[in-house]
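Chain nomenclature is as follows: A, B and C, assigned in order of appearance, with residue numbering initiated at 1 for each chain independently.
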C-alpha cells in the first residue's frame, strides 16, 4: 500500500454522507500551506515596478513572469541555470550514491550475523544525533587538507552516508528478502556479491526509491554544507546561489522580483518530482509498519 | 596561445605602463578576480580587450560581508583567486591571516598620486597591502520633490537634520526623513569618525582602541533620541522593506556616500531626477565641527599571497584601481570617487551623475568633503567588532535605549579580543 | 533465525556490504568529530609587531571555559528551546490532526489536501525563510496590507517576542506535511477489521480515533517527535536568513549561529570548535535521555 493510496476508496462502504468537519479542517490546512506559495507565484508574475504597488495577492497581467524569467536567464549569463544544474548533480548524484551505499549496508546488517554488527549499527544510529552543523566545519577542514574543498566532491562525499537511509534499508531488507531465496542462491553456488545483486536487490527496489527521494530532498534543500564548502560560485547549488543574490544584490534593477522568481523556479523541480513519483513514497518504512 | 600579433602591439601602450619585464610568458596567463560590485565585468572587459595574454575572469564567490571567510576558505584549500576586491575594513584581517601579498615596492611610486585618506587605509606601518580604489565622501541624499512640497529644507547641520526629521513626521506620519539601521556598523563608525573617534590606531607596534569616546557617545545619544521619538525609521538598509520605502516615497532620505546614486537607481528607477544631494550634515559646534564625515565602506584590490602569477596579478590590481580607462568606466557605471588623484580630472567627474541630473556640482562637492575627512585605520578584528555592534545595537533599537552602552560593549570586545590574541594594545582615554 | 549453511559464508563477506558505509562514516562523521576536539584545544596568538602574524598554539581547555561562561551561548539555548517548545508540539499536533482527518471515511478533497499539506516539504528552509521574510516585512507584507485594508491593527512580526512565533511558523509550515504523511501511512497500516469490530461494539469515529488509532500510532508519534527534536537542534537557516531583515534576530540567536559566527565571521575557528563540541555533547546527551524515556514509555504503552 503506497503512502498516497486514496483513503476514500479504501474505506468505501461506510454509511453516512460526507464528513464535512474533517474536510473543512483539511482545506484550512491546505490553504495555510499553499497561500504563501500562491503569493510567491503572484509576486513572480509582476514587473519590478509593480511588485510593491499592485495588491499582493493579485497577479500581474503585463507579462511580468516571462520578463522575470528572461532576466533570471540573463543574470550573469545564465548563472542561475548553472546553479540549477549543480543542484541536480548534487541531489541526483548524492542520492544515487547514498542509496547504493545504504542498500548494501542495510542488506549486510539485515542478512548476516557477524561480530561487530551491533557496534556498526549503534554507531550509525548514534550519528543521527550529531547535528550536521557541528560536522560541517571540520568536514570542510578535512576536505581542505585533501585538496577537495570547493569541488563537487566536497558536497557529494559528506552527503553519501545517511544513517536514516541505512536504517530504512535494514528494516526493509529484513522484511522483504526471504532467507530461503538467499539459501537457494548459495546452493546454486553463486557468490555472496552475486546473490545480493541478482536476488537481494530486486525486492528492495520500492524501499530504495523512498530512500533515494528522501536523500534527494535532503541534499537539494541543504544550505549550510555547500555554503561552507564552496568558494567558487560556478559550483553553487540553488540554495547558496539565491542566498548570495539576496546578499550581494545584482546590477539589474528589480532585484526583488528576480529573487522571488528565482525562489519560485527553484522549488518547481522538487514539486514535480513529488507529483510524478508519489506512488513510490513508502514512508510507512519510517513508521516501521512494513509489509512485504 | 597568444592573440594576434597586431593586437599585442596595439595594447602595448597600455601595458608598457606597468610591465616591468614580466611579460615573458608566451602562454596566456589566466587570472581569477573576486569582486562583488555590479557592472564589474564591463570594467574587466576593457582589460581583457587590451591584454589578450593576461585573461581575467570575474567571480562573484562572496559578497562584501563574506569576503574574509570565503578567501580564508579558498586559501586553506589552496585555490584562492589571484586578485580580489576587499573592503578597507576587512583588509587587516586578510593581512594577519597571511592571505594577501605585500605590494609595497610596486606601490611606492604611486604614493604621491593617491589620496592620503585612502593610502592610510591600505598601509600599516611601512607596508602597503592593497591598492585603494576610491574614497567615500559622505553625503545625504533626499527626495527633493517631496521635501519641497512639505516646505522642508535639506539639512546642513545635525541640529537641522533633527528638526527636519521631526517636521517630516509632523507633516505626514506615513513618511520618514531617514532611517537608522542597526545592521550597519560601518555607517555608525563613520558617523563617529566625524567627531574624531579612531576605532583602531597603530603607532609603531602599539594599538590604541578608541570606540567609546565621550564624543562618540554623544553621537549615540543623538540617534537614540531620534529613534526613541520616532523621528527616524529603524528599518534595515538593503532589506526589501527599505527597498520598497525608497521606491514608494515613504523614505525621503539616505545617509550614504558618493557611490550611492546607482544603488538608489537600481531600487527606485522611477525616481530618477527627483533626488537632491547635500554633504553629510555637520556638528555646528564641539568636537569634530571641522570634520565632514568619516570613512564609510570603500574597497581596495589585493593580490593573493598564493598566486602563481604574482607579477601579472599585481599589474592587474594596479591597473584596475589606477588606470584612467578603468576608472573612467568605474565612474560611469558605479559613481566611485577615485583614490587615484589624476583620475579626479576625468571628464565624467565634471558632470552630474546620470541619476541626479541636477547635481552638476556633485563631484566638486565630493572633492570638498574629502578634504575634511579624517584619516582613520581599521584593525585586525573589525568583523568581531561589527558583529557585536549589530547584535547590541539591534537590541538597543528594540529597547529604544542604551545606545551609548553599545559602544562600551564593542570597545570591551575589541580590546579584550586583541589582548587575548597577544597584541600590544591600550584603550584610548 | 536458523540458517542451514551448505558452504559457510566467509567472515569477511558482511564487511563487503557494510564496509563502504562504515569507511565513509569514519571519514565524514568520526574523523571530523575527532578533528574538532583537537582544534578546540588550540588557539590563536599573534606574534610580531603591528598587524602581526597569527600562530596556532595549544591552549588546553581555555576555549571550553570561554564557551561555558559565554552568556550568549546559554541565551541561545534558551531561544532554541523556546522555538522547540512552540514548534515540536504544534508540528506533531497538526500532523496528527491532519492524518486522523485524512483517515476519516468519506472526507472530501482528501487527495488534494494531502498533497497540498505535503508540498512545503519540497521548499528548502532558506527559500521558505526568504518567502516568509517578505510576507512578514512591513512595507512589503501582504498580511499587513490586508490588515490595513480591513482597518485592523497591522501585526508586527519582528518584535523581540513575536519573532519567536515568526520563526516557529516557518518551521511548522515546512514540517507538518512530512510528519503527517508518516503518521497517515502508519494509520493505513492498521488492519481495517479492528475498526469494524469497534463499530459493531457501537464506537463512534471519535472513540475509534481516541481508543484504537492513537495508541497504535504511538510508536510512529514518538519517532516523528524525535525527528522534530533533532530538527530543532539544527535550527539555523531560518534565523540566519531573517537576521539581516530586522532588529529582532541577532547573529548569535541560536547556538549554531554562534558557532558559525565564531568560526567564520570572528575568524576564531578554535572557539567555534569548542562551542560545537559542547553543543554536540549536550544535545547528544539530551537526545539519548529523551530517546530512552520515550522508548520506555511507548513500550510500556504497547499491549
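Everything that follows uses one rule, which is that a contact is a pair of C-beta atoms (placed from the backbone, for glycine too) under 8 Å apart; a residue touches a chain by one contact, two chains touch by 3 or more.
According to UniProt, the chain labels map to these proteins: A = Sugar ABC transporter permease; C = ABC transporter permease.
All values derive from a computational prediction rather than experimental measurement.
If each chain is drawn as a node and touching chains are joined, the picture has every node linked to every other. By number of C-beta pairs in contact, B-C leads when A-B and B-C are compared. Separating the centre of subunit A from that of subunit C (ABC transporter permease), both taken as means of CA atoms, is a distance of 16 Å. Averaged C-alpha coordinates give centres for subunit B and subunit C (ABC transporter permease) that are 39 Å from one another. Of all residues in subunit C (ABC transporter permease), those that touch two or more other chains are 134, 139-140, 244, 264. For subunit B, residues that reach two or more other chains under the stated contact definition are 66, 238, 240, 244, 248.
For subunit A, the set of residues that touch two or more other chains comprises 51-52, 141, 228, 247, 256. The touching residues of subunit B, when paired with subunit A in their complex, are 36, 38-39, 59-66, 70-71, 73-74, 76-79, 238, 240, 243-244, 247-248, 263, 265-267, 269-270. The touching residues of subunit B, when paired with subunit C (ABC transporter permease) in their complex, are 66, 68-69, 72, 92-93, 95-98, 124-125, 127, 182-183, 202, 204-205, 234-236, 238-242, 244-245, 248, 250, 380-381, 383-384, 387, 390-391, 393-395, 397-398, 417, 421-424. The part of subunit C (ABC transporter permease) that touches subunit A in the complex is made up of residues 1, 3-7, 9, 11, 13-18, 20-22, 24-25, 27-29, 31-33, 35-36, 39, 94, 97-98, 101-127, 130-132, 134-135, 139-142, 145-146, 173, 176-177, 181-186, 188-189, 192, 205, 219-220, 223, 230, 233-234, 236-237, 241, 244, 256, 259-260, 263-264, 269, 272-273, 276-277, 279-280, 283-284, 287-288. Of all residues in subunit C (ABC transporter permease), only 44-47, 49-54, 133-134, 137-140, 159-160, 244-252, 261, 264-267 touch subunit B in the complex they form.
Listing the residues of subunit A that touch subunit C (ABC transporter permease) in their complex gives 1, 3-8, 10-12, 14, 16-20, 22-23, 25-27, 29-30, 32-34, 36-37, 39-40, 43, 51-52, 55-57, 101-102, 104-105, 107-109, 112-115, 117, 120, 123-124, 126-135, 137-139, 141-142, 157-158, 160-161, 163, 166, 179, 183, 186-187, 189, 192-193, 196, 217, 220-224, 228, 238-239, 242-243, 246-247, 256, 259-260, 263, 266-267, 270-271, 273-275, 278, 281-284, 286-289, 291.
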